[in-house]
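Common to both upcoming complexes is chain A, partnered first by chain B, then by chain C.
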Partner chain A sequence: MAKVLVVTSGKGGVGKTTSTAALGAALAQRGEKVVVVDFDVGLRNLDLILGAERRVVFDLINVVQGVAKLSQALIRDKRLENLWLLPASQTRDKDALTDEGVRSIIADLRTKFDWILCDSPAGIERGATLAMRYADEAVIVTNPEVSSVRDSDRIIGMLDSKTVKAESGERVEKHVLITRYDSGRAARGEMLSIEDILEILATPLLGIIPESQDVLRASNVGSPVTLNNAASAPARAYIDAARRLMGETVEMMVPTERKGLMDRLLGRRAA
Partner chain B sequence: MNAIAQPTRQLVRMRGRSYVAFVFAPVVPIVGWLEEIDATLARSPGFFAGKPVVLDLSAVDLSETAITHLVASLEQRNVRVLGIEGVDPVRLTASMPPLLTGGRSCVLMQNELKKPETKPKPTSLLLENPVRSGQSIVFTEGDVTVLGSVGSGAEIVAGGSIHIYGTLRGRAMAGVNGNSAARIYCQKIEAELLAIDGYYQTAEEIDVALRNRPAQAWLEGDVMRIAPLS
Partner chain C sequence: MMSLLRLLSGRTASAPVARERLQILLAHERGLRGQPDLLGLLRSEILAVVSRHVVLDPDKVIVRMDRGKNVSTLEVDIEVPNAVERPMAMAAT
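After this line comes the complex of A and B, so read on.
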């Protein structure tokens, strides 16, 4: 059964695209057939993070409007044969997306892939609502600071009301992914604690990604961090998160200040 | 003072008004038809009580005596005939109900069918899930109870009291219909704003010592009080 997973946050710059690419690559590395779909029409980035920007011919909007076939717009990753990208259009805006168009593309992708990862744009407008519209599961990317947490809370409310699943009385399965977690600042009390974030969002934790230069380095060379340096702390955290998405039970590690050593266990998972 | 009441000329105003009447169309034999009426009355006595009834005699050919008898039989059953239609005027006497013409048929609203709708409206609202940032819950009919938390940037508006069994981080506005006896209760107070019947306090004005504790807010005259719940 194909799963449609939206990576969303409300707030911009928290790491949605980075997380989509890293989780997509990690799932593909584990043998799953994955497509990552860029919903950020007009401000596309996922092609850059995946290093596929020179191979984009057709895009999501072309397929929505019937100009191109889905198979023409899908780009296969050069490193992982199980990973595909459906890029966004850079020349159009979000109004070019239609509910019916998105519905038919998602339905089509469901027949071809195990995982459909939708990279949502920031905000709560058309692009973001259509990215989550047909989702079965959601990863809410949150930074440990108040504005990001409040925006995530808002997005969770929308996932519970504006998705097809919610409207038909079902629930979108939701996971919180905490990114840019800085153990040093957390120890000094300069950031919201993991406990505070989970208490506010009342949503299960998928993983904690430490703030790291490795993420930036990977983006700059157009490679998901889980591929570029699989042994790095953020890559390991993303791989663990991907395993949890696949239903495995993996112990939750809170990144600690000493580099590469994660020794403190998070005592609980949020209810 | 001995004022003499001058006879003032009263203006007589005539107004038209229409009513919906039951139309009885008797069929022969009249005795059998009357039994049907009796059966209806046995099922629900008072079914026709106080309702205007018109006799439509176009389907039968009755003499003056027969009409008199029929009207009297109906009167015995507490059915008062307001008028008669569909009959030759020469067969009506002055003691009989008047002849009516120009009636139009309409759909009768059955009171029996309306009953399910008249269920009393619920006077409280229970929310089992957390209220998220950006959500606004408005329930002016009574109390609102939230089992989870109310997020920063969310708001609850209630005609009655507000009960929150999680953390209140957003806004809570109780007694919006002018109910000054309404209160706000929460398990943990980190509210952005509390209001009761239009009197409000913002986060800045709420005593820091109360923060993160179970608390209640109520109105004392025009002053809002907030105290920990022991």
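After this line comes the complex of A and C, so read on.
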């Protein structure tokens, strides 16, 4: 049965689009049929991260407004035949996306895919609420930093009240994905630790993505980090997270690039 | 171990401060969530009461709350135009 998963955060710049692309590619690599949907109307970027920016002809709004058929707007990834993109529109009209339009598209996508990953815009306005509206599951992308954790808490509150699942007395299954984590700094007390964040947000952990230069390198060339360098630390962390989404039990660890002096001193394990 | 490292580096750990600030803030914000907007409610009721007797510009009614550690203050600032009474209030006298 198809699963609708929203990748959200409240705060901008924490890695929603990077995570949507990386998780989508990792799921597709494992044989799942995946569509990633960009809900950031006016500021689309998922196409760029996936390297499909020059292949966009129709978009989400065109489909909502009946200008194009869903099949015309879907873009198939050139590397992974199981991965598809539904790009956002660049219109400035924020009301172009309607609740009914989103409901109908999601219902249609459910019949065609195993996973529907909705890349939410930042903020708590219309775009963000519509991206989460029909979700079964949510990945809350959080940086180990006070403003990101606060905004995640706010988004968790919205997932528990403003979604169709919540309104019908069910629950959206929520997972926290911690990105840009530096275990050395956390060990030195310079950064909120995983335990701190999980205790504050009281939400289960999906994965820990270490701070890494590989993320920027992958976005520079328009390839999800899980595809661009599957052996890199962030890619391994995303692949583990994708396996957990599929229901596998995978031991939680922070993959590291090399075992530095500080890691040795603190006895941290390298993956 | 952590304190030893801290001594060596000559810095104090800031993460515990971050955690404590977040815990206090979020406890407060979660309490407010889902409740009616208290300030908005106060403002509209104050506006309704005062405008029964005086003609008011609704935009000139400002209600502000400052939260302190032990006491909070509620500040109500209403700008009343000079010498304008409502005909109804005149009739009642």
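As a convention for this text, the second predicted complex is superposed on the first by the 252 of 271 C-alpha atoms of A that agree within 3 Å, B and C clash if a C-alpha of one lies under 4 Å from a C-alpha of the other, contacts with A are read in each partner's own complex, and residues count from 1 in each chain.
Methods note: contacts are C-beta pairs under 8 Å (C-beta built on N, C-alpha and C of every residue); 3 or more make two chains touch, one makes a residue touch a chain.
This one's a predicted model, so the numbers in the text were calculated from it and none came from an experiment.
K.L.:
So, on chain A, is it clash or fit between chain B and chain C?
P.N.:
clash
K.L.:
One more residue to check, A:153. First (chain B), second (chain C), both or neither?
P.N.:
A:153: touches chain B and chain C.
K.L.:
Between chain B and chain C, point out the one touching more chain A residues.
P.N.:
Touching more residues of chain A than the other partner does is C.
K.L.:
Could you look at A:250 and tell me whether it touches chain B, chain C, both or neither (first, second, both, neither)?
P.N.:
Neither partner.
K.L.:
Going by the contact rule set out at the top, does A:57 touch chain B (first), chain C (second), both, or neither?
P.N.:
So A:57 meets neither chain B nor chain C here.
K.L.:
Output check: A:200 vs chain B and chain C. Expected answer is one of first, second, both, neither. What do you get?
P.N.:
A:200: touches chain B and chain C.
K.L.:
Between chain B and chain C, whom does A:188 touch in the aligned arrangement: first, second, both, or neither?
P.N.:
second
K.L.:
Going by the contact rule set out at the top, does A:216 touch chain B (first), chain C (second), both, or neither?
P.N.:
So A:216 meets neither chain B nor chain C here.
K.L.:
Between chain B and chain C, which residues of chain A are contacted by each of them?
P.N.:
Overlap of chain B and chain C footprints on chain A: residues 146, 150, 153-154, 157, 200.
K.L.:
Within their complex, state which residues of chain A touch chain C.
P.N.:
Those in contact with chain C are residues 145-146, 149-150, 153-154, 157, 161, 186-193, 196, 200, 266.
K.L.:
For chain B, which residues are in contact with chain A within the complex?
P.N.:
129-135, 148-149, 151-154, 166-167, 169
K.L.:
Spell out the part of chain A that touches chain B in their complex, as residue ranges.
P.N.:
Chain A reaches chain B through residues 124, 146, 150-151, 153-154, 156-158, 160, 199-200, 202.
K.L.:
Which of the residues in chain C come into contact with chain A in the complex?
P.N.:
1-2, 5-6, 9, 11, 13-16, 18-19, 21-23, 25-26, 29-30, 33-34
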